[in-house]
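In the two complexes below, chain A is the common chain; its partner is chain B in one and chain C in the other.
Up next is the complex of A and B:
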């Protein structure tokens, strides 16, 4: 289930291109969503800047915290899949899933390749923001320099995306059993804000909470890609992160597969 | 060869019933009352290759549920379903490449892009060779007269044009089995006729097996020799459209236009008066006596014109529903 069974480059390319065309139709919407996601890290960055200047460091440094939040903007845009509401509301509850099931291509991979153009565009906005910042305040930017470490960063990022995507798909297909699922999504979003490192770098949380966050899967979706790109992780820690990401991924794939097989039997194709 | 085979198919849903009002909502927090809705209840039928069968019934009869079970969207509660020797719910890709399901007004086309983009996607999804794709697209778009709108955003097309493009999207891979659920719904009569002609032509040219549901009896009358009538999830009738008339309407209608007024009582001796609006009178008479009664009318009454007709098919089917197929 890690790659499409009938992997056909043209099919994937066509799904991808169709969605690229689609986001071009709604280019301003995509930009607005990016600006909304930009607000939170920039506000926090300002807060930390004040805290560091007034409290003699506050346990961290300005270059570290600046690059953390800027890389967080890119990671949040690139790596946070937003498929769960489409899957639950449009596909399952409104019955649009029928249009996918009737065609000879896996639903999961359909959604996967549909999502990528949106992530790439949002990520590109993030990279532009980082590049602008770097051109003005390059000295405040901490970034990995070793080529092998950079290679591992890419692996961690790819695994993070797969993890995030599988997790969101699992949340989406919960709609086979739960009628109104938006409340649960709100809760998950709050949990992710804290434990994925969206609010505060996880090592700055109280020790118990910090420890808890490393046991949960969310850190491996956002936090670790960010800190690895900062060059903050030693080589052996990076390898350990990759191991744990693989373990979480296997678990999510298994959960998704089991839920899909059970859930699809409950699908009513209502309204379609 | 049996293309579709359905044996003892059941599809039941568990439905939650909420009592009305605020108190009902509070009660539902603790206890919920469920009941089982039998959308399809133990139906069996078989369809041969190349047959065009009409599936008719009132709203909620179980037509669409059956089509969804046959196309693999729904998991049957029990029973055996086989389409082209595949179990539809397993949704084997080889099976999906040979079928299509078209549901009136529900679309697989991309709303914001021209239809041609969705067709190109289907070309890749169904792995249609480029040559075949080009020729089928040319043929279908010519037949359906939409060649000039393929590059127009789908949202800007009329309902009829959209429906035609939906059909093209569903037929590009030239499916052997086609499930059409209300394909003419919402279309004007001219467009309905065009679509019917197209379906007939497609069935003949590709020898495809077609199962069609429709509320419009004209669709069924014009396209299907065989009909399956379903109500409350059960099959009431399965046979030819001609036989349904003989089985459920053992009478014919004789309409006469008279030169001068004839008393009701005199005509009543010949048959049941259905309409008495001088100078026009319509009588319902047993099928086997219709010629004899017609001859009597011509002989004994001042008849200007006489017409013997089969009863209206919609009326017969209404009778079938009313009698529950008995």
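Up next is the complex of A and C:
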């Protein structure tokens, strides 16, 4: 990966701290965003509760489903970067990109460290919800216990974040070529809802759909971090997941680099 | 009243003109309407794949609920949603003065300014789903039944409108919370589940969601010829009382509006 150079470390810290201040200024807004990400998984959880109780298990168990959707809340809040609309609308279409281009700093890493405080705060809300839930219904919770597995979970989660961030940046800079891109974003959001595991745990989908979801990159952004934290994945599967995540990541980094180089030549901004 | 109808006709014309003028925007809205309607159908098919019966609703009945959801929410998005989005932005930027000073009802101006024609496609998809399922179930209807269904649907839309107005009015005090609209979009999704699911959750937060469960389920139960009089009366009472309350609340809130001196 293209890590920032040594001397930039202080600047990274500054960008980070500036945006930490920003999110605390807007914490009530962040809380609403968190409620939004909480509502759908909770509805689905209630739906499954009824389905399991009235249909003899429906091929799964309540503890599995409960911990799946709760961890999904944390994963959704922590791992879904919402950077694409800023990049496409504000930076590329409105021309604010030129501000970044004249700074001695890579645009990508600027965006990266801008986003992290938001993800940390959202993730924190998620952890709090899980903790409250755990204190009430500990017996309904399945969680990884082995320390080495936990270590692998952390690796999978980090890779998932990089994967999701690179993917969203690629979507963002598509705006160099496509003028009005919101329709495409909506379609991708829907594809992600199904194939990243937001709707139903992927292994409970009909076999064909489930198979398709493991070929696509989205499962490696959300679903695998969730199930690995549940402690349901055997060690060799976890290592295999990490392998595939690395493959996807290399692919996305390459696509981003190529698109960025081509796109930046097309970019024009007036009167900034 | 006639004056307002004339103005709304004019607004319909203007919105149509801007629809035709901005083609890329039109294509994008069309794509997203179709995509969300398709998603609501796929998601319910995938969710009910292993479950013939949930909270007293069979698989077909839940798909019918999704069809009705697309009709009701489609109409709601066509007429109202974007106006509420505009409402919160207007308050956020302190531009409400220009609306309050106009010689028209400000609630009317805030609620009906924009029309999202592309949502029609979503309504059509909802109707298609319903016709398919009802034919498969072999149910028969008279004209009167259909009229009654439409009436119930209108009451559902009125209830949804009032709930949105209630929540969005809060932005007059909390101007930063313009993302309450996004919360409401998500809360709309609650209406496509069986009401019993929310009622039985027995949690403080789920009580807030109970009014939403009255929007789509009672009209759908009517289609299934299973509606209880309690549901129908409940919807009528809720929708009329919420409509009046939300209007009063909106007017009360306007007293606290502090403008950014336009």
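Operating definition for what follows: the second predicted complex is superposed on the first by the 265 of 272 C-alpha atoms of A that agree within 3 Å, B and C clash if a C-alpha of one lies under 4 Å from a C-alpha of the other, contacts with A are read in each partner's own complex, and residues count from 1 in each chain.
Quick note on the criterion: contacts are C-beta pairs under 8 Å (C-beta built on N, C-alpha and C of every residue); 3 or more make two chains touch, one makes a residue touch a chain.
Keep in mind the model is a prediction, meaning the values are calculated, not measured.
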Query: Should the pairing of chain B and chain C on chain A count as a clash or a fit in the superposition?
result: fit
Message: Looking at A:102 after the superposition, I want to know if it touches chain B, chain C, both of them or none. Which is it: first, second, both, neither?
response: first
Message: Under the stated touch criterion, which partner chain does A:15 make contact with: chain B (first), chain C (second), both, or neither?
response: first
Task: Could you tell me if A:141 is touching chain B, chain C, both of them or neither one (first, second, both, neither)?
output: neither
Field: Partner chain(s) touched by A:29 [first = chain B, second = chain C, both, neither]
entry: second
Query: Looking at the overlay, does A:269 come into contact with chain B only (first), chain C only (second), both, or neither?
result: first
Field: First (chain B), second (chain C), both or neither touched by A:64
entry: neither
Task: Quick one: classify A:200 as touching chain B (first), chain C (second), both or neither.
output: second
Query: Does chain C touch more residues of chain A than chain B does, or is it the other way round?
result: C
Query: For the overlay on chain A, what angle lies at chain A between chain B and chain C, C-alpha centres, nearest 10°?
result: 90
- request: Using only C-alpha atoms, work out how near chain B sits to chain C after the chain A superposition, in angstrom.
  value: 5
Message: Per the definitions at the top, what is the overlap between the chain A residues touching chain B and those touching chain C?
response: 26
Touch list for chain A against partner chain C, complex: 26, 28-29, 32-33, 35-36, 39-40, 43-44, 46-47, 50-51, 54-55, 58-59, 179-184, 186-187, 190, 193-194, 199-200, 204-206, 209
- line: In their shared complex, chain A is touched by residues of chain C numbered 24-25, 27-32, 35-36, 38-39, 42-43, 46-55, 174, 176-177, 179-180, 182-183, 186-187, 189-190, 193-194, 196-198, 200-201
Message: Help me check something: in the complex, which residues belonging to chain B touch chain A?
response: 13, 68, 71-75, 91, 93-94, 96-97, 99-101, 103, 106-108, 110, 112-113, 117-118, 120-127
For the chain A and chain B complex, residues of the former touching the latter: 6, 8, 10-11, 13-15, 18, 21-22, 25-26, 98-99, 101-105, 264-269, 271-272
